[in-house]
Structures are given as C-alpha cells and as structure tokens.
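Okay, so chain A shows up in both of these, paired with chain B first and chain C after.
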Partner chain A sequence: MSGSGPGRPLAHWQHRLAERGIDRQLWLLVPALVFVIALFLYPFFYGLTLSFQPTDGGPLSDYARFFSDSYERGTIWITLRIALPAALLNVLAAVPIAYRMRGRFRGKRLVTTLLVVPITLGTVLTAQGLLNFLGPTGWFNRILLAGNLVDEPVRLTHNYWGVFFSLVITGFPFAFLLVLSYLSGIDPTLERAAATLGADWRRRFTMITLPLLMPGLATTFCLTFVLAFSVFPSAVLVGNPAGETRVISLAAYQAAYEQYDYPYASAIAMIMGFVELVIIALVLAARSRFYTGSTGGKG
Partner chain B sequence: MSAFSQLRLDGVSRRFGGQDALTELDLTIETGEFIALLGPSGCGKSTALNCLAGLLPLTQGSIWQDERRIDTLPPERRGFGMVFQSYALFPHLTVRANIAFGLRMRRLPKEETRRRTEEAVRLVRLEDHVDKLPGQLSGGQQQRVAIARAVVFEPSLVLMDEPLSNLDAKLRLEMRTEIRRLHQSLGLTTVYVTHDQEEALSLADRLVVLREGRVQQIGSPRELHTRPANWHVADFMGYRNLWRGRVEQVDGTRAAVESSGHRLLGEAIGDLPARSDVMVAVRPEDIRVDGPGETPNAMSATIEVVEYQGRELAAEARTDSGQLVHLRTEQRVAPGDQVKLSMDPQRLLVYPAGATRETDRLVDASGAVR
Partner chain C sequence: MATITRARPSPPPATTDRRPRITARPAAWVVWGVVIFFFLNLLGVVASVLVSSFGQRWFDTWLPDGYTTSWYGRAWDEFALLQVIVVTLEVSVLVVGVSLLIGVPAAYVLARRSFPGKRLIFLVFLLPILMPPITYGIPLATVLYKFGLAGNMSGVVLANLVPSVPFVILTMTPFIEQIDPRIESAARMCGAGLRTVFLRVLTPLLVPGILASAILVLVRTVGMFELTFLTAGPDSQTLVVALYYSMSASGIRAQQSVDAMAVIYTSMMLVLLVVALRYVNPTQLVAQVKEDPEH
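After this line comes the complex of A and B, so read on.
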C-alpha cells in the first residue's frame, strides 16, 4: 500500500494481516473446516487412492475398463442427457414464477408452500405419485383414452420421461426458492428507474433484472444439476434401469454392491465427480462474465 | 419528447390501506417552472412524486398534460425523468451506459445517442469516469450520474426525490447550484422534493408545503418566507418561536395578544375573534437584543444557552415570566446575561391556534410552546 515511504515505520503487523483478510474472525471457519475434512476430503481421497488400486492390472486399468466398454461409457451420456435438460428446465421455469411472485401479495405464503411441498415428499413418494398419475393405467392416460385423443396409453414411466419428470418435480422447488431469494436481492427501484427512462416490462427484464440475476441463475443451475446428476432412486423406480436410464450412479452402485469391486466403483465415482466438475467449471466461467457485485437489494 | 405548456394535478389522492398518504392535491405546473414539494418526513412528498411519475396508481383524481389525461399511462409512456433518493443507478452498466439508457430506450440513431451522452457527461463533469461502474464512484459522482441519466433525453418534466439528502453539507451546496444551473441551461421543468426549507427556498420558483398529505400553502419563496399561511407552515419555515396566546384586541391586520404575561403586537393572519386562542410566530433572527430607545414588544430575559455560528450567535433566553425564546444576534452575549428583547410588530405573526392535538403536545408545563 502507499503511504509507507522509506522513512516511515510500517503499519502494525496486525493491520497488514487484516488487510489480507487474516484476522481473528478466521476462527469462525474452524467448524466448517472440520466438517469439510471429515465428511468430504477424507472420503474423497480414500476413494481416489482406492480407484488407483484395481483388483488386477495397473493403477489406471479400472479407468481404462470403464472407457473401453461402450455400455459403461454410455452412462455418462445417459446421465447428462437427463440431468442437463432437467436442471435447465428447473431454472427456466423458476424464473417467471419467481419474477411474478417477488413482490408482496395476498396468499404468497400459500403459493410458496404449495410450490415447495415436493421437497418434503422425497424421491420415492414422488416416484409413487408419478406411477399413479402418468403410468399406463394412470389418470393422465385414462383421460387421454376417454377423450379419444390417443389409441393406446402414452408411455411416460419406466423410461427417460419418467426420470425426467421426477427430477423436475424434486428439483424445481430448490430452483424456485433460490431464484426467488436472488430476485429479492435486486433493488426494485432499479426497475422503477428503468421504467421512468422509457423501458417497457420486457426491456426492464432483459436489460436490468436478467443481467443482474444471471450469476444467481448460474449458481442455481449448478446446484440443481448436481442434484439431478446423482439421480438414483427415480432412475430405478420410474426409469428403465437396464437401458435408457442406466445412469452413472447406477453403474457405480452395481460395481460396488453387485460385483463387490470397490476399486472399480471408486473409479466410476471419480469419473462422475470429474464430469460434474467440468460442467460446473464451464457454467461458473460463463457466470464470471456477468456483473456479480452488489445489487442493492435486501437479500 | 412531448413538451407541454401546462401540467395539471386535479384532486390527486393516494391511500395506503385505510390511511391517507396524499389528499386532494391540486397543482398546476407551468412549463419551465421549478417547483419544490416541501414538508416534514412522512407528509406524502414521495407519494406525490411517484403518482406523478406513474410508479404509484392514484386512488382518486386525475393528471392532465394540457388536454391529455396521463394518469392512466404507465411510467415508460409518460416520458418524465426521475432522480431517486437512492440514485438507483444500474450497477452492472458503466456510467456511460447508465446515462445513455433513456436514449437507447427511444431507439435513437447510434451516432445521436453517442453525441448526446457525451454532452450530458460533460454537463455533469464526469468525463474522467465514463467507463467506471457506479460502485466505483463517490456519492456526489453517483448523484451526478443519476441527474445526467434523468435529463439526457430531454424529458418534459424532471422529478427529483430528495436528491441531495445523502450528501455532506458542502457537496449539498455545490450540487444545489448545479441543479439550478441545469434547470436553467436546459430549460427543464422540475418538481423537486425536499424536507429542507432552505434548499427549497433557494431552488424553487414556487413551493408547495405539505403536511399530513394535505397542501398547506402554495406560493413563491418570498411569500412562504414572510407570510406562512398557518402556524404549521410557519413552524416548518423557520419560525422557531411559537408561543401560545390569547387575542385581546384586533384592529385591521394589527392584533394585540396576551402571551404568558406579555402584551405583544403583531400581524394578524386569518380570522381572529376576540379572546380566541392564538399562536404567535417569530423567527429567531427577527428578535433584537437591547435595541435603542423605546422599543415595541419588549421583554426582559436571561440568556441561557449560546451557540457559536460564525458571524452570529444562536441563543436561548428565558423571559422573566418563564417563556423560552430562540434568538440570533451578532452581539456578544453570554449565558447569564440580562438582556432586553424586542420584536418588530410586522415580523410577529399571529395565527389562530386551531384545535389540534399538536398544539397541546407542544405546550410545556410553563405554558411555553416547545
């Protein structure tokens, strides 16, 4: 910093440390650090080392095995094909609803509660509901059949769509709550200012609110994507776990608990983590191109 | 831009729940005028401004731009510029893009947008900061961006909501001059909200004083300064001495009043029946200390508190009958001094007290007001 000319004594060492963000408040981070080490870093490195100790072959042979087998390799694509659109749809659907609901209005609590209920249901109950509603003899198909709109039941469960719907139902509330809180963090006067400058609601949204919301949307996307990527129960319950929806977590599960090949399962888990990391890195790289500073709101 | 020759507010009212924030505001704004909306906090100034801007729907009344009714138009179709109290600069846009925003919304040719933006930047002297984000500017600079952004598209009316209230005293004076300069050089029509009577008096051609959502008085700075319409306005316009009294005799506009043992002569404002309760209003600077010879409205008093204020001293004195007097004087007085106070009857205004709760609240145990 300037001001510390040759003749002057340097600032006290505590001030210089504080300038770099080192002060006593760092102690507040200790519990989080302990948790991260115990619950995340340790299992991670354990799995990582395990993945390099296959039951036979060199250290990388389990990775090679995964990538040389097209049935195994295909799980990456299958998972991405479900998780990316589901996460995207969750975020995109949350935006207009949250945008409409960001102000105060009568019944807001009721609507919010209704939208958030699926979180409390859990994947299994959701799958059950989906089977009842969208299954071959579910209401949805019965209505279509009764209305003579289709000749035979539309297959919406035990395939790609079943898993997709289930991910949307369980992921949407998260996306909605996150987007809502990001939106209420944007000062509403900004849109009012834009209005007095001649912007109609469309341009207020695209030129003011959306750019300020983008970083939040990117974060929301990452979170719902991670949730969707590790999809497991619904892939089994409402999907087609032998084919179309044999997601990567299923491959890892089968390696670990059907073949009891823990090193191979670890290798798959590592690959899974790596794919997630790549997607998140891409999204965050895009995010950093937007304005991420204060938006003046109360959030 | 849609210039007008007259903007008419006709009984504009706004309720929040069951509470009136603004009641029947009638006001005609001529083009080129500088109008100040003045009043204490919570009196409905921002409400009035937001109604004008279209940011708040009216609960009653109408707004007319010449013969066109505009209170049903959304804000973006009124074409009024607005400066917000919190500036409301777009944090993700540079100073230049902030200022150009209104022009871009009007889809002007690129070249013209650029030229007019540069012009506005020069006008508010921000040439060195055009590529910064608002977060990188000082408060005064942000304020100037907000003003430039609101005037660059030559709006037919500029609305300002306490634009200087977040600035320090020195900057406030500078910006005040700047606002008046812009108003004149650009030929703007301006409605300016403030709770600072000095600011309003120095800036505006006409003042509108509000209290509890109702207009108390509309007039020139001079009228408001010398002739407040009622004692509430007087209170707000710097008549710090408000004494309760009783009419003894009225002769034309000259009233004789008995106030805590003193017989005072003053100007009667409004209808004053004999023996009715009144409020006597005097500015601190209109109280003379130890005037020469025989003086009207004389009281003897003891100085209690003295505040140094440059060339003048602001002092509090207590009369022998216990009345508290605020005064300003160039004489050197000190606490404990015995002085003789006097007031020009023309500068002593006598108002009907009215039966408001506030009158009672203001009266302390000694019978003095405040």
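After this line comes the complex of A and C, so read on.
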C-alpha cells in the first residue's frame, strides 16, 4: 500500500525493520487501531479525566463519595454476587453437555440451532418472558402448585432469582456454543490415539481434552462474565432495581441520565470497569499458563 | 458399562452408519435431562409471551379468556414499528459491513505475525469486549454528544462498532490460525502479492469464519441494548430499545401490546437466524470443525 519505489537507503532500514517483524503487512492493522483509539481509548480517557473533575470538591471527591455511601458501594458486591455465579454456572454446565454433543448424532443441528435462539432473544425479551412465565400466576408456579410441590407461589421475579435466570437463559447458550466450537476444534485423533494407548474416557478427558480446552474455557468464562457483569435491562425489568439487584451499571446510568452528573457517572463507570478487569485479568493470567497453539482442528 | 465406554469412541469402521447412539451411560441421561429442562423453561418463557400477545385478557388462569390479533395492529401503530425496524436493519447492516472491513485484516496480522508491541495491541483490541458496555458507553456517549454525533443514526452505528470490531478480530483470529501458513507461503512463492493472497487464497478459506462472525455481529447488534440505549435519539431507536421503553412504561400501555412487540422482535431475530443458519453451522463459531472428512 505504501513505500512504493524504495530507494537504496530506504530499503536498508526497511530490511532491518522487517527483521524485527515490522513491514508493510502491518498496515492492515492501521484501520482497526485508528478505530479503537478514536472510539474507545479517547472516550475512555476522556471519561477518566472527567471523573477527576467533579462538580464540587477535590479531584478524588467523586470516588470518595461512591465509597463512603454504603448504598452505592454495595452495588459492586450486588453485581458480583449475580454475575460470578451465573457465569460460572454457564461455563461449568456447558462443558459436560458440549463434551457429550461434540460427536455426530441425529438432531445435533437441531439442538445447536435451538440453543442459538435464546441468544437472539436478548435480555429485554427474556425479561418480558420471565415476568410472564415465572411470575406468581405464571405457568411455572402453576405447575408447581398443581403438582403440590409448593403451597404458595414461589417468588422468582422482581428479585435476585429473576435476574439470575435471565442471565442463565441468555448466557448459557452463548457459553455452550463457544465451548462446543472450542471442543470441536480439538483434533479428535488425539483422543483416539490416547484410547489406543489404553486411556479410559476419564483419563482422556482430564489429560488431553481438558488441558487443550482450558484456554477456550477461560475465554468463554470472560465473555459470559462480561455479559453477566454488565447486566442492566434485566436488573431493572425482572429484578428489584431499588434494592436487591441495584447493580453498578444501574448506579452509573442513574448518575448520568437522571442526575446529569457526568463526572460522578464516569467515576462509577471507571470503578465498574476496574472491578471487572481485575477479575478478567486473574482469569487471563491463569489462561496464559496453558497451551494455546493449534489444536489441529483443520487438517 | 465398560463395554459401552470402550465401544463409543473407537474409530468407527468405514460403514454408512457411524453415528454414535445417544443412549449410553447414566451420566448421559443426566446431561440430557438438564438440557431438556432448560429447553422446557425456555419454551415456557417464549410461549408465555406468544400466548399473551394473542390473548384478550389473561389474569389468574392457565390460558387467556379469548384470542385476538388486534394487539399487533395496535403495537405496530403505537410504537411506529415500521420506522424502528428500518432503523434496526440499517444500523445492523452498516455495523456488520464496517466491522468486517476493519476487523478481518487486523485479525490476519494478529494471527500470523509477531512484532514488537503485539501483546499490547491485542490487549487494546480485547478491552472493548472485556469491558461492560455501560462502562465505556457512558463516556463514549458523552464524547459523541460533544461532537454532535449522538442522538442519531451515526452515533448508534459508531457506538455499536466499538464491541463489534474487536469481536470480529477475536472470532476470526482462531479461524486464521487454523489455516496452514504453508498455503500462503506457497501462494507467495508462486508470485502472488498480499492482495492476491488475501482475495484468492485466504478469503475463500475464511468464508465460513467471515460468515460466522458477520452473523454473530449482526445478532449482537440487533440485540445490543446498552450502547444503543445510551446513544439513540427519538428517531434512531432500534427495536430492543423501543421494546425496553415500552416495557418500562408498561403502566401506560396494555401488557399484551408490549408482548406483541416482543413477538415481532423475536420473529425478526428468528428470520435472521434461519437465514444465518443456512450458511453457517452454529458449532463453527470459533473453530473449524473436523468431524469426518466425508463431505
């Protein structure tokens, strides 16, 4: 694209750069880099500086305000208490199911197709459905009552569980499909070789499949955790946005769009991002300890 | 038990019926039980919205008193759905196109090359996916409003590109990594330039990956609530955002008309999905599948 007609001294330094891995091919990165800088890094640092310029008080007063107010501070814990179990459940449940379905069987395509459906539903529709289905007069409670399993309707909406279920419904299929494709990307002949050498399925799973799958699992956990951590519409619609499920994104939204206090909203957003990145960094640090090369998925 | 365990994964002989049977061990039954329970609840969630949208009145009973389709007409008019759907489609198509154009070349470089600062660049690309949309959405919306780009379509498209481009990069990188680099080397030795390698060698091999990530981005954009919510103006709402507004103001409007709108949203997503699944196997979202090399 550039560097047409390299003169002799030019060719010289180009050659030396190419030895270090820098050459014209890297131009392919430029559009993406420009994009990330303009639309992600710049706004992010704009928000960061904004969070240190509160409407009143010193540079850190918005952070101090957040951490001194237990109602606000508690949102971190509330968010983690919803997001971590949901993400963990989604990934852990996906592994055995994907392991069982990685081969070929009749109806596999149907099952995977059905699993894509909840991803397309999105949080808002799921919220609406959960309100109808799990509500005190919904079918779920009716079945429980008709089967004499409970005496009075179980409260599953407008509290923690409503949000939790909405995260499982949208997050599990996502986790499952990712795990399934990571699993399918592992060359099945590796396992067959182990079987030939006399390993039973337990050993094949723990010594071959699982180690090769771990990086994929870590990535999957991160992606599902992000989905769960930024829970916003379902926390409002099926949760109890004033108390039990007042998640941190809700606090940030209220600061920005209800109180119009952008510095404070930015401060909350930064805290939110920081908390999340700490957890992601821990998972990714663990991920880097595993083998992440080709798994021979394509021959 | 042992015989079944041994029988299942052994390399199947070259006969026509090589599909392992579903019924095997108790563990399999547990797994299938969980899957079926999940699907039953899912069905309940979707069906209750569907039934409610056709019901005249539905209070404390198993099924509504009577059925009607009038809620659809009402929802269509009340929420100006035609315009909302057109906006949704325009936004999604723009986001998918731009994010593929930007993302695929970058994914190629990141998958193939090593250069100083690669890990840093990769991290920068990962961040928008790893951050909750609200975290960067609020500063992003503030910046976009400052430049007069928010509150209309361009703001919605720009905001939705932020997670989409990294998503394309992230889903395409494993696809590219799994293509044997010797194929490219061979092409280059035969005199193909970078452009030819890209268009004649890589793109055909990458079509499944590109389609898969395009579909994922499409679905994510249509379903993306937070970023659109923060940047949309009154005439640039997508369907999810319109749905959210109608739900949070549900005291004003009848529950069923909101349900009807939700059904319209779902059917739109399902149409997208059916179209998508004609081109892509859902299991190939991340990696190429090596099953049996028979077709």
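To be clear about the criterion, the second predicted complex is superposed on the first by the 281 of 299 C-alpha atoms of A that agree within 3 Å, B and C clash if a C-alpha of one lies under 4 Å from a C-alpha of the other, contacts with A are read in each partner's own complex, and residues count from 1 in each chain.
The rule is simple: a contact is a pair of C-beta atoms (placed from the backbone, for glycine too) under 8 Å apart; a residue touches a chain by one contact, two chains touch by 3 or more.
Quick caveat, the model's predicted, so the values are computed rather than measured.
With both structures placed on the common chain, the touch criterion links A:200 to chain B and to chain C. Look at A:187: by the touch rule set out above, it reaches both chain B and chain C.
Comparing chain B with chain C, more residues of chain A are touched by C. In the overlay built on the shared chain, the residue A:208 is in contact with chain B alone; chain C does not reach it. When the two structures are aligned on the shared chain, A:52 is found in touch with neither chain B nor chain C. Touched by chain B in one complex and by chain C in the other are residues 187, 192, 195, 200, 294-296 of chain A. Only residues 20-22, 24-26, 28-29, 31-33, 35-36, 39-44, 46-48, 50, 93, 96-97, 100, 103-106, 109, 111-130, 132-133, 137-140, 142, 169, 172, 177-178, 180-182, 184-185, 187-188, 191-192, 195, 200-201, 204, 216, 222-223, 226, 229-230, 232-233, 236-237, 249, 252-253, 256, 262, 265-266, 269-270, 272-273, 276-277, 280, 294-299 of chain A touch chain C when the two sit together in their complex. Of all residues in chain A, those touching chain B in their complex are 187, 189-190, 192-200, 203, 207-208, 211-212, 290-291, 293-296.
Residues of chain C that touch chain A in their complex: 5, 8-11, 18-22, 27-28, 31-32, 34-35, 38-39, 41-42, 44-46, 48-49, 52, 59-60, 62, 101-103, 105-106, 108-110, 113-116, 121, 124-125, 127-136, 138-144, 158-159, 161-162, 165-166, 169, 174, 177-180, 194, 219, 222-223, 225-226, 240, 243-244, 247-248, 258-259, 262, 265-266, 269-270, 272-273, 277, 281-293. On the side of chain B, the complex with chain A involves touching residues 53-55, 74-76, 78-82, 84, 86, 88-92, 101-102, 105-106, 133, 135, 149-150, 153, 159.
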